[in-house]
C-alpha cells in the first residue's frame, strides 16, 4: 500500500516535470527567432503570461495530488484556501479584470507603443504596455499609469488614417458661398506647403452648412491625413483660414446678443 | 474491477470523440454554402462561438470523468477549480457580460458593419463586430473599441429610414405663417435638387409652433429620408433656409435681453 | 440491482416524457384561439418563455437523475456546473435581470407597441417588445434597442388620457387678468378648430399664477386630450396664444436685467 | 422498511395538507369582513403576499421530504437548485428588493392611492400601489410605473397638513417693513376668499429677512393648509402679492448688474 | 435508542423554553420602570429588536435540533434554506443594512425626535425614528421616510449649541473698518432685543476679511446661539445689518462687470 | 467513552478560561499606566476592540467544540450560521468596512480630536473618534457623524505646519512688479503684528505670475504658519493687501468684457 | 497509533520551524547591505509584506494540521472560519484591494517619495508611501492620506522630464506672426536667465495656431524642462510674455461680445 502510494507520487512528480518541460520548451521555441518569425512584443507578453499561469497551476495541482496521495489529510489546506479565496476574491477582482482586459487588448492589438490614444478619460502617447496597465505621456509631459480595469473604451487616434474636422463659424451677415470658396482656397494653399502636403491623403471633403447656431453659421469640411498628422495639418489650415478670412473680410463672430431697452406699458 | 474501469474510460473517451465529431460536422455543414444558404457574418460568428463553448465543456467533462473513473481522487482538482472559479469569477464578470450581450446583439441584428450607431455615449460607423466588442470610426477618424459590457442601449441611426428634424427658431416679431411658407418653399426647392431629391421619401411633415422660447419662436418640421442620408439632406435644407430667410428678411434671432436702467426709489 | 436501476431509469424517462407532453399540450391549448379567447401578444410572449424555462429544467433534471441512477458518479458534473454557475452567474446577472423585469413589464402591461414611452432616459414610439428588451423609434428616426436591465421607471405618455400643460410667462408690467382672458379666448378658438376639437376631452383647467420668476410672471393652465394628442393640441394652442397675445399687445418677455452704473464713493 | 417509509410519506403529505388548510383558513378569516373589521387594501395586499410565500415554501418542502423519504437521491435536485439559485440570485436581487421594500412601504403606510408623492425623482398622484411597484400620474398626465428597488426616499406631500412657503424677493431699495405689511395684508385678503379660506389652518407664520441675495432681499413667510391644498393657496397668494406689490410700488427685482466702464491706468 | 432520542428532544425543548423565559424576563425587567430607571425610547427600541432577533434564532435552532434528533433527514430543509438564503440574501442586503445602521444610530444617539437634521441630502425635523428608517418633516411640510441604508452621514443642526455664520459682502469702494463697526453695532442692538438676546450665548466672534471676491469684499463673523435658534437669530441679524448698512450708506454690491469698448488695431 | 468525552470537554473549558484570563490580563496590563507609559486614546480604542474580537471568537469556538465533543450533531447549528452569515454578510459589509477602515485610521494616526479635517466631502473640527465613525463640528456648528465606510481620503489641515496661499488677481493694466512689492510690504507689516507674527514660521514664498486669466493677471505667494493658524493669518493678510492696494491704486479687477457694436456688412 | 500521531505532529512542527527559519533568513539576507546591493525602500516594503504574509499562512496551516493530526474534530473551526470569511470578506475587499494595488504600485515604481503626483483627484508631493496608502502634501499644506483602493490612475508629474505648455490667447485683430515672434523673443530672454536656463532642456517647440476661439486666437508652444521645474519656468515665461506683449501692444483679449440693438420689424 505504502509502496503503491510512493509509486503514484513519483509518477505524479514525473508527469509534472514532463509537463513543465513541455511548456517551457514550447514557449522558448515560439519565442526563438531562429525557428519561424521574430516574435512581436505582443506575442512575448502573451506567451510569458500564459507560461506563468500554466506553471502556477502545475505547482498547485502537483502539491495537492502529492499530499493527497501521501495520505495527509488535505482538508484543512483546501478549507484554508477556500476561505482565503473567498476573502481575497472580492478584493482581487480588479486585478483579475486588469489582466483579462489586458489580454484582450493585446489580442485585439488595440494600441501599440507610440500610438496617441484616449483611455479612461486621459489622452496621450503610449509609452509602455503591460498585461495589467498602460502608461501614457500626455501633452504636458505628465506620465499616467492606468490599470486596464479603469479602461472601458480604447480610442485610438492613429489607426490607418485620420481626419482634421474643420467646423468654421461665420457671421450670419456673411455669404456662405464666399466662405466656402475661402475654405477651398485655403486648402489649395495648404497643398502647396511642402511640409504638410505629403501628409494629406485626399481632397477637401465638403459637408455644407452644418448648423444655424446662436451667433454663427457653422460650415463643416474635413481633411484626410496620415495617422498622427491631423493636428499639425489642422493648425496649418487654421492659420491659412485666419489669414484668408482676414484678407477677404469674412467675419468670425464673437458671441452676439440683441438688446432691447425695457419700457413701461404706456410706452 | 480494473478492467471494468478501463472499459468505462474507453467508453467515455469514445463518447467524447463521437460528440466532438458530431459538433464539428454539424457546424461545418451549417457553414458550408453548398448545403443550404450562404451563412451570414452573424451566423459565422455565433456558430464559431457555440462550437468553442461546446468543445471546452466537452474537454473538461471528459477529463474529469476519466480521472474519476481511473480512481484518482479528483477532490483536490475540484477544490482548486472551485477556489479558482471564486477568485476569477468576480474579475471575469465583465468578460462574461461582454459575450452574453454580444450574443444578443448578434441575435437581434442590432447593428451591422457600415451602420452609423451610438453605443455607450460614442457615435460612429461600425467597422468591425466581434462577439466581445464593437469597433467604431467616428467623424474625426478616431477608432474606438468598445466592449459590450459598456453598452446598455444600442442606437442605430440607419434602421429602415431616417428623419431630418428641422427646429427653426425665428424672432418673436416675425409672422409665423410667413416663416412656415418659407420652410415649405425651401423644401420644394430641395426636391428639385437632383442630388438630394432621390433620397427623400416623403413630403415635408409640418408639426407647428413647438415652443415659445426665451428669444425665439421655434417652428418644427421633419423630412423623411433614406437611412444615412439625413445629415446630407439636413445640411442642404439648412443652406436653402438660410438663403430664403435672408431674401425675405425673416430674422433668425441672436440671444435677446431686455435691459432696464436701475434708478433710486425716488425716481 | 441492475434491473431495478434500469426500471427506475425507464420510469424517470417516462415521467419526463409525460411532463413534457403535459406542458406542451397546455401551452398549445392556451394559445389555440379555438378554445377560449384569442391570445394577446403579451400572453404569447409569456407562455413561450414559460414553456422554454420548463423544458430546459426538465431536460437538466432528467439527465441528472438518469446518470445518477445508472451509477455514474455525477460529482464531477455537478462540481463543474457549480464552478461554471459561479463564474457565469456574475456576468449573466444583467441577462437574468432583463428577463425578470421583462416578465413584469409584460404582466403589468406597462407598454404596448405603438405607445410613446420614456425608458432609461430615451423617449420614442415602441416598435418592438420582447421579453429581454424594448425597441424605440425616436423623433429623429433613430432606432434604440434598450435591454430591460437598464430600465428602472417606465413612463407611458399614452395611458388613458393626456394633458397639455401651458406655462405661459408674461412680463411683470402686464395685467394677469387680461392674460388669463387671452388664454381662455385662445382655448375657445381652439375648440372651434375641427382638427383638434374632437381630441380635447375637457374644459381648460385654470391653475393661476404659478410663480413670480426672474423676468416673467408664469400663468399655468392645462388642457385634457386623448392619449397621444397632447403634442398636436399643444402646438396649435401655442400658435393661437402667440397670435392673440400679439394682437392684444401682451408681452412674452425676453430675459431681463436691471443695470446700475457704478460710481465712486464720493458720487 | 418500505412500509415505514410509505407511512412517513403519508404523514408528511397529511401534515402538509393540514398546514395548507390552516394557512388558507386563517387568511380567509382575516380577510372576511364578517369576522372583525373590514380589511384595508394594505392588509389584503400583505396577506395575499404572505399566503403565496407560505404556500410556495410548503410545496417545495413537501416535495423534497417526500422524494427523500421515497429513497430517491435528491442530491442532483438540490445541486441543480443550488446552481440555479446562484445564477438567478444575482439577477433577481432587484425583484427581491422590490418586494421587501414594498412590504415595508405597505407596513409603514408610507403612501396611499390618491396621495401626491415624490419617489425616485418623480412626482405625481399615486394611482396604483402593488407590492412590487407604484404607479404615478404626473402633472402632464404621464403615467410612471416605478419598481420599489428604485425608491430610496418616499416624500409624501399630503401627510396630515402642508405649507405654502412664500420666499418673496424684493429690491434692495425697498423698505422691508413695508413689504412685510403688504405680505400680511395679502394674507388677510386671502382669508376673506371663500374658496381658499377654509383650507387654511393657521395664521401667517412670519420668519423674517431670510437672506441678502445678489439682486434681491428675500423675505420668508409660511401658510399652513390642509394636505393637498398648498398649491392652490400658494397660487392665490402669489396673485394677491403681485397685485398689492404693484399697487404700492414695491419692486420685485430683475437680476441686477453694476457696470463700470474700463479706462486706461492714466485715467 | 428511540427513548434516548425522545429524552434528548424533551431536553432540547425544555432548554429552549427556559432560554425563552430568561430572555423575556430579562427584557421585561429592563423595560420595567419599577426596577431601575425609566427606559428611554432608545432603550425600548433596541431591547425590542434584540428580543425579536433572539427569539427567531431560538425557534429556528430548536426546530432544527428537534427534527434532527427525531431522525428526520433535515438535509432538504437546510439545502432549501441555503438556496433561499442565497436568493434572498442579495435582495435583502439593503434591509439588513437598514437595521445595522439603525442600531448604531440608536446607540450613538445621533438624532432624537424633534431635532433638525440633514440625512441623505434631505433636511427637516425628525418626527419618527424606527430601527429601519427615519421620518422627516421639511420646511414645506413634506413628509419624508428615509431608510437608513440611504443614510451615510447624519448632520445634526441641534447638538449642544449652534452658530449663525454671517458672511457679509460689501463693495470694494467701502471701508472695511466702517463695515466692521456696523456689524458690531448691529450685534449690540440684537443683544438688546428681548426676543433673541436670551438665545445668544456668546459675544460676536470676529473672523476678518474672508476673501476678495469678484464683486465684493467678504467679511465674516459668527454668533453662538442655543441649538435650533440659529435661524431666528440669523434673520434678525440680517434685518439689523440691512437697516444699519442703509443708514450709513455701506453698499452691498450687485454683481459687477467692467466694460471695455472694442476698437480696431489702428485705434 | 463518555468519561473520555467529559474529560475532553473539561479540558476545552479549562483552556478557554485560561485564554480568557490571559487576554484580559494582558490588555489590563497594557492599559495600566503603572506598568510602562500611559496609554494614548488610540491605544485604548484599539486594545478594547482587539479584546472584544478575541473574546467573541473564544466564546463561539468553545461552544462549538463543547457541543461537538458532547456528541450533539452541530450540523444544524453550522448550517443555520452559514445561511445567516450569507444573508447578513451582504448587509453587514458596510459595518465591517467601517471597522477595518477605522482600525487603520487609528493605526496611521490620521486624525486626532481637535484637528480640522475634511473627510467624505465634509470639513470640521474632530470632536469624537470611535472605531466605527468620526464626529465633526463644522463652521456653522452643525454636528456630523460620518461612518468610516464613507471615508476614502482623510485630509488633515493641521499636520506639522500649514500654508496660506495668496492668489492675487490684478488688472492687466497694472505693473506686476509694483504689485509684487505691495505684497511683500503687506507681509512685512504682517510680521510686525504681535498677534500673527509668532504663528508665521517662514519668509513670504514668492512664486510669480501664475496665470494670464480672462480678466486678471494672477500673482501667487505663500506664507508658512503653525498648523491651524493659516486661516487667521490669511484673513489678516487679505486685510493688509486690500488697504495697501487701495493706497497705491492697484486695481483688483471686476470681471471684464469687451463690447463690439454689430453693424451690417456694408458698414 | 497515538505515538504515530505524535511523531507526525512533531514532524509538522519541525517542518514549520524550518520553513520559518528559511523565510526569515532569506529576507534578512536580502535586506542585508553586506551581501549584495543596498535594498531600496521599495524592496524593504515588499519583502516585509511578503514575510508577514508567509508567516501568517505558515501559522494557520501548522495549527490546522496539528489539530487535525491530534484527532480533534476541526470541522467546527473550519465552519466558523468559513462563516467568518464570508461575513468579513465583503467588508474587507477594500483592504485587500488596497494591498494588491499597493504591491503593484511598488513593483511598477509608479511614484517615489518627493514626486509631485495626482492620484484619485488630489495632487501633491508624496510624503509617505506604504503598501496600503499614499500620503500627499498639497500646495496649501494640507496632508491627505489616500488608500490605494481609491486610486485608479497614477499621474506622475516628475517622470524623466516635463513640459510647460504655453497656450496664449491673442485678440483676433492681432497679427499671428508678430505674436509668434514675441513668444520666441520671450523664450530667448528666458534662456538668458541664469536661474531658469539650466532647467530648460530643449528649444521652444512651436505648434502653431491651435484654435479660433470665441474671443481669442490661441497660439500653442511648449518648453521642455527638468522634472519638477515646469511650474517655475512657466511662471517666468508668463512674466516675460506679459512684459513683451505690453511693450509691443499685442492684446490679450477679455471675453468679447457683439451687441445688436433690437428694433421692430418696420425698422
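So that you can tell them apart, the chains are marked A, B, C, D, E, F and G in the order they are listed, and the count of residues begins at 1 in each.
Keep this in mind: contacts are C-beta pairs under 8 Å (C-beta built on N, C-alpha and C of every residue); 3 or more make two chains touch, one makes a residue touch a chain.
Because the structure is a prediction, the values reported are computed rather than measured.
Note on connectivity: the fewest steps through touching chains from chain A to chain E is 2.
Inter-chain spacing, taken between the CA centroids of chain E and chain G, is 37 Å. If you average the Cα atoms of chain C and of chain F, the two centres end up 46 Å apart.
Per-chain CA centroids place chain A at a distance of 20 Å from chain B. The residues of chain A that reach two or more other chains are 82, 84, 86, 88-90, 92-95, 215, 254, 256-260, 262, listed in rising order. Taken as a contact graph, the chains fit none of the simple arrangements: neither line, ring, star nor complete graph.
Residues of chain A touching chain C in their complex: 260, 262, 264-265. Residues of chain D touching chain C in their complex: 72-73, 75-77, 79-80, 82-84, 86-95, 120, 122, 132-133, 137, 139-147, 149-150, 168, 215, 231-232, 235-236, 238-239, 241-242, 252-260. By the touch criterion stated above, chain G contacts chain A in their complex at residues 60-61, 64-65, 68-69, 74, 78, 81-82, 84-86, 88-90, 92-101, 104, 108, 110, 118, 152-157, 159-163, 165, 172, 176, 207-212, 214-215, 217, 220, 222, 224, 230, 256-262. Considering their complex, residues 173-174, 254, 256 of chain D touch chain B.
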